[in-house]
Structures are given as structure tokens and as C-alpha cells.
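In what follows, a single structure is set out as C-alpha cells and then discussed.
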Amino acid sequence: MTFLEYAPAPESTAILNLKPEYGLFIGNEFVAAEGESFSTISPATEKEIARVANASPADVDRAVAAARKAYDKTWSKLSGRDRGKYLFRIARLVQERARELAVAESLDNGKPIKESRDVDVPLVAAWFFYYAGWADKLDYAGLGGNPRSLGVAAQVIPWNFPLLMLAWKIAPALAAGNTVVLKPAETTPLTALLFAEIVQQADLPAGVVNIITGAGETGRALVNHPDVDKVAFTGSTDVGRQIARSTAGSGKKVTLELGGKAANIVFDDAPIDQAVEGIVNGIFFNQGHVCCAGSRLLVQENIHDDVVDRLKSRLSTLRLGDPLDKNTDIGAINSAEQLQRIRELSDIGEAEGAELWTAECAIPENGFWFAPTIFDNVSTSSRIAREEIFGPVLSVLTFRTPAEAIAKANNTPYGLSAGIWSDKGSRILAVADKLRAGVIWANTFNRFDPASPFGGYKESGYGREGGRHGLAAYLKGAK
Amino acid sequence: MSHIAVPKTYKLFIGGAFPRSESGRTYEVSTPKGAFLANAAKASRKDARDAIVAARGAVSGWSGATAYNRGQVLYRVAEVLEGRRAQFEDEIVRQEGVSASAARAQVDEAIDRWVWYAGWTDKFTQVAGNANPVAGPYFNLTVPEPTGVVAIIAPQDSSLLGLVSAVAPALVSGNAVVVVASEAYPLSAITLAEVLATSDLPKGVVNVLTGSPAEIAPWLASHADVNALDLVGAAALDWIDLEIAAADTLKRVYPPENGADAASPSLARITAFTETKTVWHTKALI
Amino acid sequence: MTIERAVSPAQRAIQVLGDDLTETTLKRYLEGIPGIDAVGLEQRAAGLGTRSIKTTSKAWALDKIIELIDLTTLEGADTPGKVRSLVAKALLPDPSDLSTPRVAAVCVYGDMVPYAVDALGAAHSAGTDDGVNVAAVATAFPSGRASLAVKLADTSDAVAAGADEIDMVIDRGAFLSGRFGQVFDEIVAVKEACRRADGSYAHLKVILETGELNTYDNVRRASWLAILAGGDFIKTSTGKVAPAATLPVTLSMLEVVRDWHRLTGEKIGVKPAGGIRSSKDAIKYVVTVAETVGEEWLQPHLFRFGASSLLNDVLLQRQKMKTGHYSGADYVTID
């Protein structure tokens, strides 16, 4: 064995205290659902982790009713200061149980423990901390003279950052004075259910946070429920469109955080080694299951060969495998379905004539895996340059001038994020000015912070999460 | 011998010019008592399409102008409007059938609102944007930017004030606008267009369509090159269908507002037509 | 205004820059090298530091670290007795465990070289990899503030006394004031002073003193300069200035060495020195080397740790891995 084949460094699952079956979390208790339960599995081993409830429309009714009751009787009557103190408690509990949450997240989602431990869970705590402090300062938020909560928020979140997306939804909603009914994604319910335990430990008034597991039907019932005042959705652009249609005219405030096809623009004066890291981080972090992934590399033509060379070398030390091994860089693809989609689009890429290159990885026998892949010589008219793959697949395109880079970067119905790599400050600022994207990273990528607003232009959705702006989604009269 | 009046022809305002509708159609505008006032152009879907093209073409110049410059232009509009107020008051009296003093009050308020919004161009960014204290070595700034092309169904029961209240805030950040005027009271909208055309406002920044909102609105709602749809004056239309159509391209849609408070001045009206951009930049000494 | 003067025609420099080797062409070349974003570099280094090296990998790494140590004493108070004690430790790091490998070299001041050579006796490898080398600091270490004549004499004395390796310092003042040609010429001259009567050369390590160069871009340029001028190793620090070696700085130097190898096929060595006291830290460097230039560089002729107290911490870790319980200071020897 060579040194680089590092000895196994497994994170123990002994820290977990999972139940074999979970009910719905409504009114501060786990209650049985009407519908049949379903299984959540580890995408790395395909083994069942636990069974969770499938909320029926009647179950959704119960949850919304609990949220409404809590809003009317308790939460809307509490001062901002008191709401904040509950959120601070939650933040602290997340920190206390951080390791447990990270292990559960990696187990259920498939992402490397290194990421859930160092990125996801710390950000979850930070998000609650940040919004806890806003609860009693809404008057200062610049969002209107008399900011008031909306009422009950319906929140549907995706599977790629399960606990983090939960934090992005629940923290600002509660800070602004709303109560919530949240549905985690069908393949990643686990950390949401552990979060429900934290809600109990924080002694949050019953019904302020309700968590109902289920699939598409549950989500639809929740979003379309007549007694919901606000809808917040993160997921695919297609479903976002459906929600925009189904809530039209309902008076519900809607925010959507949808897909993207971000351009990572590397100029010839970029700090090359850090740009290569940024490209790798941009598309292979979280197995590329990131809405803001830098899935299009726009590299200045005169350094194309050098950059692609370096990229391929760099990928040779990426380790794909057991998400619970501390040295794993690339974990499992979240589901068989997603793996199939990635494969299909990858096949299309090949058929379109792009040059395929895949990192050499030992693929485990069980589980869902896709080795980091680069498509070179992709053109702007290729499908793999336009459609979101949501996997560890990078499309490489070139440009000659800054104006061309901007034009290519903007030439998409999406507009979530972008990256700019250059040593020239004036150019970075000018390019940042012109890119039609809600989040722009200069000489870095995939940075997140509760103080920093996140969201898209155009078909990547509307509304922002994080920062002062993240409160607007949950207050009356704020836009 | 008494002077024979030269009646005004009311055409559309697209790309800085006053074309008739490409369909050749017009419709009668009358006083509340039914007396003939004028034939206004009846815009077609192709006019709407041309207006959007003109608006899109104007976005880069208008949004690329300095905030100061935009403020000066909007203030100039107020100046010219003030100078021509008599004509506006006269038109309001004849269209809406209200008293001279009511018309005067409406023009006063329209001018004042225009001045108010002019003063926001170089300030709203300071209020709506901010630095973000992220936990790392980054300079992080959030700024609002214009969303691009805004299609507006203006309040239908007001000839001037409603239109001004809907259009002015969208212009503050640098958007270009295609507005469908009040169907019953379209004349002030075109006279306002004359003011806009002589106020250094670049062509295509505001485009005014007169005619049937019910006919035109669906084309605006479904057009993929429109970024936001303001249905402030669309209460009488099947506006929910419009919102559904707009959802295809995830346009930002704002629902109808009714009553005297419709489109009342606010910062929210400005930021409604902006996108929020956050930029991270590494910060390092060595 | 740079005077258009020719710099010494070091072979590598000619290969890369061509025959027109002047202060200007050298400066343009160095300044044309892509810059470094410190935030990204430090994040990459921190990421490499999260590798979890356990069980068999850890055992391998600990042994490897010992094999790569230049066991060092560089004090004004050094005496023959001190040097003899150091050498004894170098030869027998852990008397309670004879399977412990030997270090790569001992590193001493030039005037202590004879005592080191004497104390090593038959174990002096005289330039080969089996045995322990003698490395001498030279060129008015650590400041480098002396005339060229003095610096060259310092070098040749140490070589004559039996040093296998010379750790020179660059003129940081000259570098920071933009006199790249002068820095270049001095390295070329020192390399020549490493020449022995039989035509062989002592190995030359070029200390950049990264703490004084301050910016990563300066470290990058100085690394390229040192290689172009003929250095066999680039070394971070004298250990007398803080900050000494850091993981990000070492990473940036490994990247230069990697790029030089891509460009020419030639392999240059890297030596971080000073401030690496714990096994935990040293393992991070081992990981960084392996993942940046490859495992091949984890050999004494391509990588060294300039350290003194590191050795004992590694021995304590080795003892824990062997016995299963934590060890203590009484179970490792002082040097």
C-alpha cells in the first residue's frame, strides 16, 4: 500500500441514537401519520437507516393547524427578544450536538463527513445565531416602518444540504415572528427529525416548528394549503415554476431558490493554483449537488491547455468513497434517480462531441457513485452547457476577451451565481458589475455565511436567504 | 373669426417615437358624459413586442448611467411637467370629469411624487444595500440592481397620478418600462410621454401603450424578455391567469392594488424592481 | 531604473530564459509568474491539514518523518560537546527501540563541521542516502549581511571541513529592493564554492527566509530564482526569524517544484525549517508533499524537515503506537 492510499479513518456512528421509526413532528410531539411509512437509506451502502412517515393531506392539515394555533395564541404574542432567546437556545443545542448531526447528515445524504462536520453543521449553528439577534431588531432592518410577520410559513427543502437548508428556512421565519411547517426532502429526512428533538430540548412553544416528512404529494398539499401565508421553496426550477403557478392569486408571499448553471470565469492573470482549487471546489464540493455549483468553466483561451492539465492532475488526489471516512473528498450520489440523471446528461455530452475525461476512482460495489468528470471543448450551444446536471460534471468552455466572458456567462435563463478569477481588481469589479447573478465570488467560490444574502436572478428564482435581506421574505410589506 | 382648434392625435410612445399602432386600430376616448374627446391608438401584440424590444435596448444605457445622472433626468421630467401643468389639468378635467381644483391637486401630487423618486436614485442603494460582516477574510457587499424590463398595467381609474406612481419608482434603479395606460383615460399618458420625450430620458426607457389592457397584458405576461410584471392596475382583468403565465419564466409579479392608496410612494416600490447581488472578494495582505 | 547587465550564466536559467540573460529579462520572467491568492492558498493548506492519518499510515509517516529530519543545533553557545551529543542522538534516536530509523542529517554551523564529521565516524554517509549527512549553514547565516568574499569563504571552509550539504541564505535586502540579478549571482557563486577538489559538489540548499520576504508572491519568485540559479533545494527559513516555516508557504514552494518538474523533468528538493515541533504538524507536511508533488518526494534527497524538538515528539508518538499508552518526557533523550 502506498502512503497516498491512506489507512481507513472512519468516523464512528456510535454517537447516533436513532429510532427505527419516526412519526411526524406536530405540536411538539412525534405523532403517527395517516399514510404508510417509507424507508430512508444510506446512498453509500443502500442499507435502510430508519423508516419515516408519509404525511397525507390530512396530516398536512393537522400540521398547519398546529402552526396556526401556535402563531395566534403564542408566538405572535411573544416579544422579539423572547423569540430571539429561543433561537439562541437552538443555536447552542446544534453546537452541542454538532458531531452527532454531522454523522447523521453524512449517513443519510452521502456527503463526506469532512464537509458535514466542517461546513454544513457549523453554518447551521451560525445561521440560528445570526437570526436570533435580528428577532428584536426588526425595526432597524430597513424593511419598512412597522415590520410584521406573515403568519404560517410552508417550507419545502431539497436533499443536497438537508440540515443547512432547514436552518436557512426556519431561522429567519421564526426571527420575524412566523411559525412554520417544514417538509424535508424524501431522501434526506433524518437530520430534520433530529432537529425536531432539538426543538423539544429548547422547549420551544408547541407548534412553532412542525416537521412533516413525505414526498412530492406532501409538498404540494403543504404549498397549496389555504391557511398558509407564506411559501418558501428550494429545489428544481421546474417545481419552482409549478409552485409559482399554483400559488398565483392566492395572496401568499412566495420565495423560490431554484437551479443554476454558474460560470466560473478564469482570466489569464488569475492566481492559477488557487483558481484550480476554486474550480474543483466549485463543481466537486458536495458531489456537485449544489445549485450554485461552478458547472461551467469559462477559461481564457490562451491558458486553456495549462489549466485543464493542472485540473486533471489535481483531480488525481481526490478520494471517492465511504462518506464516513474522514479522508473522503467525494461522497455518494444522493439517490439512484439522481445518478441516472447524471449518467443521461453525461451520455448526451459525449454524443454532442465534447471530450470526456473521468478521474480514476475505485467505485465501491454498493451505493450510488459517479467519478469526477470533465467535458472539454464544450460550446455554448451544447446541452451540457445549458442544462443543470447537479452532479460532479464540469463543462469547459473558452473565451477571448472579458466582454465575451461576460456575454457567455450571462447567456442562460439561470442567474444564481458566478466566479471570477483574476489578479486585476479593476477587472474583477467591472465584470462583477455586469454579471447577472445573485452571488458572485471573486478569487474564491462556494462561500456561505448567514450574514450574506443568497439567491438568484431570472429563472434561478426570487427572494434572498441570509443577511438583512433574508428577513424580507418573512415580513409584511417588505419586498 | 374664432380660431379653429387643431385636435391632437394621440399615438403610442415606443422607442422615443410616437408611432400609430401597427394594426392601424384606434378607439374612441370620451368624456364621462359621452362626448368625443379623441381617437387613441389601440395597441396590438406586435406593438407590445416592439415596445419590449425598445425597452430591452434601453436598459444597458439607462442602468449604466450614474445614479446622479438618472436623478437629474427624472427631476427634469418634473420640471417639464410643472411647466406644462395647465395642459395636464385641462386633460384631466375633460377625461375624468372632475373639478379644476381636483385636477390641480392630482397634477400637484404627480409632480411631487416624481420629484420624490428623482431624489432616490443616488440613495436607495445606500439604504437597500450594505456590507455583510462575513466570518472570513472577504470583502462582502450586497447591492440592488435594476431587474431589467418591467411591464406595468397602470391603475385604470386615474389618468395621470396612477400612471406616474407606477412608472416612476421602476425607473429609479435603471429599469426600462413598458406601461399599459388606463383604458378609459389614456390621454394624459401620451401627453406625459411627450414630457418624457423632451426631458433627456433616453429613448426606449419608457414606452407607453394605450388600448385594451385585457388584450395586451397576456402578451406582456408571457413574453420571455420581460423581467417583472406589475399588475397594480389589473384588478379588473383575469390577473391570476396573467400571474400563471408569468410563472413560466419566473418573472417577478406584483398583484393588483386598489383604492386611493394604490401604488402609494414607498421604498418598497423601488426595491420591488431590483435584483439583489452579493459579491465576495478575498482580502489578504500577503 | 534597472541597469542592463548580464547575470551569471547558470545553466537552468539559460535553458528557460535563453541566452539573453540580463537583470531585466530575469526580472520580467519572475514578475510574469502567476500570482498567489493568499486566502485560497491558506485554505488549501488548511484542507490538507484535515487529512486523518491513522494506524498503518500514521506509523509509516512517523518513521518517514524521522528519516527526513535534519537534526539541528545553531546556537552561538554550540560547543564540540554539544555537537557530539547531537550526533549521538542522530545515530540512536530512541535507545529503548532500536528499530527507530536514523535522521537524514545533522545541521550545524560551519565551524562545527569537523566535530560533527568526527563524531559520525563510519556513519558519515558523505553524500549518500544510507547514513547520516552533515549539513552546514553558511554565507553569514542567519542574516546574510556580509561581503560576498566572506560568504564564499564561509562556504568553502565548511565544504573543505567535510560538509555534504550547504544551507545558504539569500540576500533578502537585495531581493526586496528588486536587485534580483545580485541575488541570482550570489547563489551561482556559492554553488561554485561548493565544488570540491575532485570535481563533485556539495548539495546546495537555498534559504529564502520566507518570514522576511513576507508575501507569498515574493516567496514564489524567490523560489524560481533560486532554482534557476542552481540550487538543489529550496528552504523556507533560518529558524531565527518568525514566522519560520508555515504550511501555506511550504505548499507554495512545493507548487514551484512541481511546476519546475513539469517544465524540465528535473526534481528539486524542499526543506521547511523552524517552528515544526509536533508530529501532528509534521504529518500535515508529509500529506502536503504527497498530494502536491507526489510520494516520490518523501525521500531525503528531495525533502527535509529542519527541526530539533520535533524528533522527540515523533518518538513519543511512536512509543504510544507501539505500547498503546501515552508516553512522557522521561522516555525520550535530550540531545
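Per-chain numbering from 1; labels A, B and C assigned in written order.
Just so it is clear, a contact is a pair of C-beta atoms (placed from the backbone, for glycine too) under 8 Å apart; a residue touches a chain by one contact, two chains touch by 3 or more.
This one's a predicted model, so the numbers in the text were calculated from it and none came from an experiment.
The interface with the greater count of contacting C-beta pairs, when A-C is set against B-C, is A-C. The most distant chain from chain C, with centres taken as the mean of CA atoms, is B. Chain centres here are Cα averages; for chain A and chain B they lie 37 Å apart. Here the CA centre of chain A is 45 Å from the CA centre of chain C. Averaged Cα coordinates give chain B a centre that lies 70 Å from the centre of chain C. In chain A, 443-444 are the positions where the chain touches two or more neighbouring chains simultaneously. Shared interface positions of chain C, i.e. residues touching 2 or more other chains, are given as 37, 39-40. Residues of chain B in contact with at least two other chains: 136, 138, 282.
In the complex of the two chains, the chain A residues touching chain B come out as 126, 142, 144, 237, 240-241, 244-245, 248-249, 251, 256, 258, 413, 415, 428, 432, 436-444, 447, 449, 451-455, 457-462, 464, 467-469, 477-479.
Residues 37-40, 214-216 of chain C touch chain B in their complex. Those residues of chain C lying in contact with chain A across their complex are 34-37, 39-41, 43-44, 50-58, 60-61, 64, 252, 255, 286, 290-291, 295, 298.
Note for the complex: chain B touches chain C at residues 136-138, 282-286. Chain contact summary for the complex, chain A toward chain C: residues 1-4, 6-9, 114, 118, 269-275, 277-278, 317, 326-327, 423, 443-444.
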